[in-house]
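In structure tokens below, several structures.
In what follows, subunit A forms one complex with subunit B and a second complex with subunit C.
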Partner chain A sequence: MTPLQIVFILVALVTIVSALFVVSLRKIFHAALWLIVTLMGVAIIFALLEASFFAAVQILVYIGAIAIILIFAIMLTRNIMSDEEVQINRSWGIVLFLVLVFTVIFISQLSSSDVINTILIPLEFQGQESIIAFGEGLLDPAGYALPFELASLLLLGALVGGVYIAMDKKGGENK
Partner chain B sequence: MIPLSWYLILAAVLFGIGMFGAISRKNAVAVLISIELMLNAVNVNILAFWHYHSQLLGSTEISGLVFAAVVIIAAAAEVAIGLAIIIAVYRLRKTVVASDLNVLKG
Partner chain C sequence: MKILEFLSNPIIGIEQWIMQLLENWGVTPEWQTFLVYLIGAAILGTGALLITLILIWAERKIIGRLQDRLGPNRIGPWGIFQPVADMLKIFIKEHIIPDGVDPIPYHLAPIISVASVLLLWSVVPFSDSVRGSDLNVALLFILGVGGLGELGVILAGWGSNNKYSMLSAFRASAQMISYEIPMAIVLLATVILSGSMSMGDIVKSQNIAYIFFLPLGAFIFFVASIAENGRAPFDLAEAESELVAGFNMEYSGLKFGMFYVADFLRAFTSAVIFSSIFLGGWRGPGAEQIPILGFVYLLIKSVIVWFLGVWIRGSLPRFRVDQMMAITWKFLTPLALALFIAVAFVMKLLENTNQWLQVLILLVINVALFFVGFAIIKKFEKEKERKIVSSKKRVLAQPTNPFTQSETGG
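So, the complex of A and B:
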């Protein structure tokens, strides 16, 4: 066991336990707070993978924006579903069984290939080099310039669509 | 130092937990939260294979990074639109319980 492996196991355990809390807690607000712990754990996993840019983006976008917007939505809609009510539907036993079967099949299929036993060693290049290559690839017309522009179009569409859908079309009239 | 399989197993478990939540939760916002968990698991997978390929090539493989970025962008757009829809539905129907939203049911 190298120190890095111990760090990985600790982070993975924290991530998985908090993810279990996210899907099982009755109080949806607490679930959203545990989601932040899960996202933080995934950010540390990204850092362990030497994807430093994505570790930063994970904290900025997921924790800074998505988790906060989810908490806003919970606060806006909270009083309608009381925390004492059962939060999972009647067929959760079947769902749990199917998901367990899926996960077991998935993991057992993984171990049928030799590739996954590869030990990931530290990359030879520095972190900045991969970020520079990533930025140049995104703006290279022969590379990924089109997906990059499409992504900005998608975000613009989401912005306009979100404003349009959430807009009160009856001019502030309630009920 | 860390085998590739550890990352893949972590991602599979996270994906399974997220799938359980997305199917079994009643509250529509909780369903969205579970979908976020699934997307995060996908990103762990993508970046693990990115590291693997970069290690094989000895230089940066940018496709994996672009895929991961697209997943994050799609997640952000999905949450913005999903929450706008949930709040619009809440205003009309006064509920966020997914099984009560059955207007389209025949």
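So, the complex of A and C:
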């Protein structure tokens, strides 16, 4: 076994276990912390796949921004930390059964398909070339220019909406 | 001749020697690389932490002289062994865990704080060939790891189960998130200049240091990095007079020591990154032939930048919270955006012209933007009225007549 494989197995285990903690812990603040561990694990897996741009963006956006905002929301919300809430509802048995059935079907069907048995090919790009290729793909009309611009329009709309909601409409004290 | 060759590039020499040794032991090539990187990372981390000992002494001494004091002067010549004594004291101090802390965040916070600083050293190029990792997204990595530092502060504030720690954590994370934005935009402008996000390429492309291309950008980056580090005048998170001691007040012994070390190391680390991005890093006369000179140049440049930070820390009073927010959102961020747009246009228009022409035009644009920004601020400063919050009457420590109470409650 190469060191890379050992690292991959360790990281994958940590990612899965912490993802389980995210949905099963009673203290929601701790769940948010485990979510950060999960996202970090995904970032490391990106890095192992030589997708360094996605690894960095995963850390920058998901941990540096989204997880921190999430923690803020939890810290600023009252009574969200109570331990008395029941974590499961009445129909957990049937859900578990259905999930098991679907899992068996999926695994038995997908294990023979080409999607799972993809062989990884090392990238031919050196240094900056992969990022430059990525950027050109995003802005190329034949590539992903339209979805990219639409996503940026969506984000701009969300930004303007956020400012509008936060704005003091009456003029108020601070003009 | 061989010894000279080794001395001119000792790190690579040692690396090759270890590789050879491992190969003779029959280690496979993959494990060889893994082990060499592991040893390198351990040496780099330990070295960075040991530098902190000297930094703490130097900073206390400089701040002492700035404030007309002597600074540490008891242990060793000029008090140079003071940090060693402090370190020993902190090692043997009792470690008190307050009642009611949230154990996981409480114990994790100091580790994340130190780790987030040490991670930054992995992308700094020390010479043409010696660096931790030539990451092709190093600039994004620097910003992302900065976010991990925020996490350490939030965890410390939350885990301590103390309202002052919590308030301080809110202040600190609001400050760090806000100042990351102008910093990121300025870094984008340097990416336009160099055409690369890797630190190695950025240093190599600086035939003329980027501080001449982007003096305003360097200024914004410098201010933002002081604020990111939470040092005076941006030390709102550790305001002793308002918040007792900030987010780290419930920590004692070694855990407090870790926050302390992280604080001092972060100041020097951001100086190293500043000098790599704006001052040409390891570049200097003869650095390409004799790699060890690169270390010296980088060290000299970083120490100058670091001294500037210490000087500011010793001279300026603390900003208020609203001033701190106004500086980034109303001054630094709009300026950084304007600068970014200007750089993008100029570099596209002058793509294939002489580098000196580019420098000249960008220099003019930078200075003009700086003055326009200041003029706008001056104009609004005159128009804005400030409400007087406190009463103008001074509170008396002792009432003149002990049987009556004065108006101000004295």
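Here is the rule we go by: the second predicted complex is superposed on the first by the 147 of 175 C-alpha atoms of A that agree within 3 Å, B and C clash if a C-alpha of one lies under 4 Å from a C-alpha of the other, contacts with A are read in each partner's own complex, and residues count from 1 in each chain.
Criterion: a residue touches a chain if its C-beta (ideal position, glycine included) is under 8 Å from a C-beta of that chain, and two chains touch if they have at least 3 such contacts.
In this text the structure is predicted, and so the values were computed from the model without any measurement.
After superposition on subunit A, the partners subunit B and subunit C are accommodated together without colliding. In the superposed pair of complexes, A:L153 makes contact with neither subunit B nor subunit C.
Shared-chain residue A:L4: touches subunit B and subunit C both. Contacts of A:V57 after superposition: both subunit B and subunit C are touched. Contact with both subunit B and subunit C is seen for A:S130 once the two complexes are overlaid on the shared chain.
In the superposition on chain A, A:T118 makes contact with subunit B only, while subunit C stays out of contact range. By the touch criterion defined above, A:I68 lies against subunit C but remains apart from subunit B after alignment on the C-alpha atoms of chain A.
Touch criterion met: A:F29 reaches subunit C, while subunit B stays clear of it.
In the superposition on chain A, no contact is made by A:L139 with either subunit B or subunit C.
In the superposition on chain A, A:S91 makes contact with subunit B only, while subunit C stays out of contact range. When subunit B and subunit C are set side by side, the one touching more residues of subunit A is B. Superposition on chain A places subunit B within reach of subunit C only down to 12 Å, the least C-alpha distance between them.
Taken together, the two complexes place residues 2, 4, 53, 57, 65, 72, 130 of subunit A in contact with subunit B and also with subunit C. For subunit C in complex with subunit A, the touching residues are 30-31, 34, 102, 104-105, 108, 134-137, 140-141, 143-148, 150-151, 154-155, 158, 166, 170, 173, 177, 180, 195-198, 201.
Residues 2, 4-5, 8, 12, 15-16, 19-20, 22-23, 28, 31-32, 35, 38-39, 42, 45-46, 48-51, 53-54, 57-58, 61-62, 65-66, 69-70, 72-74, 76-77, 80-81, 85-89, 91-92, 95-96, 99-100, 102-103, 106-107, 110-111, 115-125, 129-130, 133-134, 137-138, 143-144, 147, 151, 154-155, 157-159, 161-163, 165-166, 168, 174 of subunit A are the ones touching subunit B in the complex.
Looking at the complex, you find that subunit A touches subunit C at residues 2-4, 29-30, 33, 36, 52-53, 55-57, 59-60, 63-65, 67-68, 71-72, 75, 127-128, 130-131. By the touch criterion stated above, subunit B contacts subunit A in their complex at residues 1-10, 12-21, 23-27, 29-30, 32-34, 36-37, 40, 43-44, 47-48, 50-52, 54-55, 58-60, 62-63, 65-66, 68-70, 72-81, 83-88, 90-91, 94-97, 99.
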